[in-house]
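Consider the two complexes below, in which chain A is the common component and chain B and chain C are the respective partners.
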Partner chain A sequence: MWSYIGKRVFQMLITLVLFQIATYILIDLQPGDVTDLFVGNPNITAAERQRIAADLGLDGPLYERMWNYLTNFYTGNLGVSMVQYPRPVGEILAQRLPRTLALFVYATVFSFWFGYVAGKFLAWKRGGRWEYATTIVGVTLYTIFTPLLGYILLWGFATKLDKWVRNTFGIDFDLPVSKFSSTSLWRKAPYDTNTVFNWMNLNFIILVVIVLLAFFLSRYVPRNRREFLRVASMTVPFALSLVWWIFFSGVGIYAWDLVIHLFLPILTLTLISFGGNMLLTRTSMLETLREDYIETARAKGLPEKIIRNRHAARNAILPVWTALVFSLSSTISGGIITETVFSWPGIGEILVDSVSNSDFPVAMGALTVIGVMTLVAHLIVDIGYAFLDPRIRVH
Partner chain B sequence: MSNDNVIEVKNLTMEYSTRKGNVSAVDNVSFSIKRGQALGLVGESGCGKTSIAKSLLKLLPDNAMIQQGQIVLNGKDMVPLSETEMRTHRWSEISMVFQAAMNAFNPVYTVGDQIIEAIETHLPKVTEAEGRAKIETLFRMVGLAPEMMDRYPHEYSGGMRQRAVIAMALSCDPDIIIADEPTTALDVIVQDSILKEITALQENLNMSMVYISHDVAVIAEVSDRVGVMYAGRMVELADTEEIFIRPIHPYTYALMQSFPSVTGPKKELISLPGEPPDLLHPPKGCRFHPRCPNRIEQCDQEQPEWKDYGNNHFCACWNPMEVN
Partner chain C sequence: MTSNTSNSGAQTSSVWKARWALFRKSAAANWALFAENPVGLIGLGIIMFFFLLVIMHPILLNTVWDPNIYNPINGFDPQSPVNPSPPSLRHLLGTAPQGQDILSQLMFSARNEFILAVLAAVVTVTIATTLGAVAAYYGGIVDNIIMRVVDLVIMVPALSILIVISGLFELSIVQLAIVIGIISAFSASTVVIKSQALSIKVKPYIEAARVAGGGDFHIIFRHLLPNLMPIALLYMMFAVTGAIFSEAVLAFLGLLEVDMSWGIMLNTTRTLGYMLDFNTKWYLIFPAGLSITLLSSAFYLVGRALDEIVNPRLRQR
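== the complex of A and B ==
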């Protein structure tokens, strides 16, 4: 297993270098550079612009600049932003990475899990109005243009729902529709946004680890207590952390502010891949239900719930998991669009920003981060597949 | 009928409803099996053997319906039971060895886990350790190394998988086991050793069995009694020796003729022309009459009666082979 992972990590490094070279060339092929921003300024002459370009290292031949960039990159120097000069690119990315990573991970986990559960029940209870309705919703979500979905949600939540809540309950709901936090609220905060946000993410990771551990350990407890342990592992730690955040953390109001800012971007990104996951699970489950081992399970007199969950859905998840590799790329590109629509200050937003300003080092850094995210996500999917399917386990 | 019958099937009729109409896959079939007895069901493909097997477990697709008849298992009629009620009888009283053993196991769980699962469902008091001990015994009985229970199905060969399927069928001590062509997909050498295994197990455990095969030779080896199926109907039922010596129905006779005898005198194999009828539109009268060499006028008019020919030998035919 470890030698397999080592081999894969080595392959990933090579892929990353190739990816950077290709990206560098593609960006270099674009016309213009950051000095074009000064074209309209009569105080800066053409000669002056050339001098600035030489200062920023934008003159020299392509191979020389690329060599410099790569050697700097692998010695830990990502360069400085040309627009926010002289802020280091590493700092800009480090500030934004947790946000984008969180957006990406939450959306992927939610869309996979809800898509899987919805698809499972759809296939199990075939026919009827529900099937038509959900299929139409699924196909719509699968094919919708991402910014359109973002704006529909904006319109629905920010204007319609807001008005409705105010008229019905008399409360100001005020769901934020953009940015990462409310500046006015955070002015008096004891910590900065990223610190609180990282605690929240840590909390989420701990919750997930507890659930996974409980499911793993539940095999070793007596049968009649398994279900209890599993349900408890999902509810008790969650309730405890809620209580901690509200009453004991002292930053509950700030955390809530981040959560409501997270809501719409995560919802948009989740919905984009939810439809595909649901439809695929449904198809795969229908296929699995025709397998001989399902008939064996029936003949054994097992309860329906066990046949559905332990036998049918457990096998139906395999193709959906494989397809996750493909849906990851759409989640990443969808993430860039979502961040832009909701002015969410993540990697995707800075990428769009830096590209339109010809801020070359930032664009290159953001693209590299996205490349690394894709590669790591693929590795995790591959390792996960080995856990899910004993037939492809590496011995 | 005496009370030592483990299962009694009376006038069982099962139909599949399709868009083109109803297909009568099992038509008015009756038989009973005593404790420790093995009944062989033989016939061409598509004549309702597997449909009978699935009806006995009530393991039918949504479009199949048991139209009439009774399946009395240990004194209780299974036909009116709901799916939930039926579940408690499956495997603990009646279990099945499947035709496609290659796919009978779920690929993502170890074989042992899948057997334990059945034990857990039907014998909730058995602990995991007891369950594993039981599987160990079963694996030894069917000729598998007990360590194999922690392996995944893809690590088994075809023959081993078939043995594991048999072990799984025995896991809840059923009174009757249905073996649906368990050896068809295997090569002859493995087939032979598994056949011997099945016969020995069935005799040692004093279990009843329904053995389904299209292979007359296999049926002759394993069963005490033979039922011959044609186009969803049972045409002849008798003890094994009796039916091989004195086949009464022309179809039974034709089946016997189409298989070579290794030890007996050389004879020409006679094959039966034609094929079984389309069950959407079965022929009127005796369903065999279009292919029957002994056909008389009555055959395409009326369904032949189920007659007793003595010596526990039953047959439905208007013009039987010469009874000597």
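== the complex of A and C ==
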């Protein structure tokens, strides 16, 4: 297992360097360089412009400049933004990375889980009106123009639902339509947004780990207490952390602000990937249900629930997990669109922003970070596959 | 000598006749399979509808519509000075913020989408089938190089590359179609087509062709490629879905300099801040947004239906 991971990481590094070389050449293909900005300036002569280019290291041959770029990149120097001038690219990206990462991870996890559960039940109760309705919903979510879905959700939640809640319950939810946090609220905050946000993410990870541990340990407790342990692991830690955030953390209101800003982007991205996952689980589950061992399980007289959850669904998950490899990049693309629609300052938003403002150091940095993110996600999916499929684990 | 050539000519024509008969037979059988599936028919219906819009547009501009008023790019109607205006009898879908007729814009854009779709699909399939067939046929280092390049491109989200490319260069629809075609060729389609080609490569008729003295080139292009066409057609449909979607996203983000497209229409709506006025300005949002969704899902549905014909395993569930 470890040698496999080591080999994959090595391959990933080579892929990354090749990717960077490709993007560098791509950006280099563009005619002109930064000294062209001074062409119209009478105080800066052609000789002066050449000197500026030499100072910036722009006069060397392609391989020399590329070598400079790569060595700088791997020593942590990603260059300086041209639009937000003296700010280093690394700093801009580091500020935004946790957000995009969180958006991507939450949306992927939720859409995979809900898609899996929904597909499982759909395949089980197949036929009739339900099948048509869900297929239409699935295909619509799969092919809908992402910005349109984002705006429909924005309209539905942030204007219609908000108004309805205000009129019926008298609570002012004030669901935000854009941005990562409310500036006016955070002016008095004791921490900055990313600190609180990272604490929230840590909290979420701890919750997930507790649930996974409980599910793992529940195999070793008596049958009649299993359900109790599982339900308790899903509710008690969640309730405890909720209490901590509200009463003891002192930043409850700020955390809530981040949550309501995060809600719609995550919902949009989850819905986009949900359709595909649901349809695929359904197809895969239908295929599994025709296997002989399902027939055998039925003949043995096992309860339907056990056949569905243990025999069928566990085997049906494999093709869905494989498809995750391809849907990862579409989720990342969807993330770029979602961030832009909601003006939610993540890596995708800065990519679009920097490209439209010709801020190429930032654009290249953002592109590389997105590439690294995809590579790591692929690695995790591949490792996860080995855990899901024991036939692979043996080798 | 002369009798010989005429004889061979007759032979070729009879070969073509037989081929044509075979083609018609298999096409009829496949159509019967396709027609069984309501999903594919719905998709085909939507595509036909948009194709009708494409054909109708120049006809309407030459007969009923005054080109000055209904020009999709710079038309202006003096009778409706306040823009955007809601649908009326003169403008069935209302007018855009700069005064163009939205229906005319929609129909004109449909033509661009079809050009983009067909071109991107052809580029994708040409590259993907050639690469897949070559990789499968030669194997070894050729296969390795092609597959590593494919791995590299699969790893990176296509949209982020397209965003950077369209920011760097001013792409026309044709250039964009070629770029999208190339990117989507180096993806799942090449992998799947290669695996299909591997299974064809070991068939007896390939061996027979080689024994009969057929060269590599001849075998790849006369024996491998025709048999890869069904699965290539399938990936063509998915490439079209991707192409329409990518173009719309790029135009929507304001990174594309094409004269008119559905994405540009939405971009105008967005930059002028009408995007959330669903009640009053729906005609600025939904015609274009739904057209993108409908056309790309139509190609996806046709792809799904073709999938069931190409992979008999999926049939009758």
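In this text, the second predicted complex is superposed on the first by the 361 of 395 C-alpha atoms of A that agree within 3 Å, B and C clash if a C-alpha of one lies under 4 Å from a C-alpha of the other, contacts with A are read in each partner's own complex, and residues count from 1 in each chain.
In the analysis below, a contact is a pair of C-beta atoms (placed from the backbone, for glycine too) under 8 Å apart; a residue touches a chain by one contact, two chains touch by 3 or more.
Treat the numbers as computed from the prediction; the structure is a model and nothing was measured.
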* Overlay done on chain A, so just call it for chain B and chain C: clash or fit. => fit
* State whether A:Thr146 touches chain B only (first), chain C only (second), both chains, or neither. => second
* Scan A:Pro390 for contacts with chain B and chain C and give back first, second, both or neither. => first
* **Superposed model, angle subtended at chain A by chain C and chain B (C-alpha, nearest 10 degrees)** => 80
* To do: Figure out whether A:Ala46 sits in contact with chain B (first) or chain C (second), or with both, or with neither.
  => neither
* Looking at chain A, which partner touches more of its residues: chain C or chain B? -> C
* Asked: Which partner does A:Val352 reach: the first (chain B), the second (chain C), both, or neither?
  -> second
* First (chain B), second (chain C), both or neither: which does A:Met1 touch? -> neither
* Asked: Where does A:Glu295 make contact in the superposed view: on chain B (first), on chain C (second), on both, or on neither?
  -> first
* Once the shared chain is lined up, is A:Thr23 touching chain B (first), chain C (second), both, or neither of them? -> second
* **chain C versus chain B - closest C-alpha approach in the superposed model, Å** => 14
* **On chain A, positions contacted by chain B and by chain C** => none
* Asked: Within the complex, which stretch of chain A touches chain B?
  -> 223, 291-293, 295-303, 306, 310-311, 314-315, 388-391
* In the complex with chain C, residue positions of chain A that touch it -> 15, 18-19, 22-23, 26-27, 29-30, 135, 139-140, 142-148, 151-152, 154-155, 159, 177, 286-287, 326, 329-330, 332-333, 336-337, 340, 348, 351-352, 355-356, 358, 363, 366-367, 370-371, 374-375, 378
* Sort out for me which residues of chain C touch chain A in the complex. => 39, 151-152, 154-161, 163-169, 188, 241, 245, 248-249, 252-255, 266, 270, 275-276, 278, 285, 289-290, 292-293, 296-297, 300-301, 317
* Spell out the residues on chain B that touch chain A in their complex, using ranges where they run on. => 57, 59, 86-92, 95-96, 98, 100, 103-109, 117-118, 120-122, 124, 128, 152, 154, 168
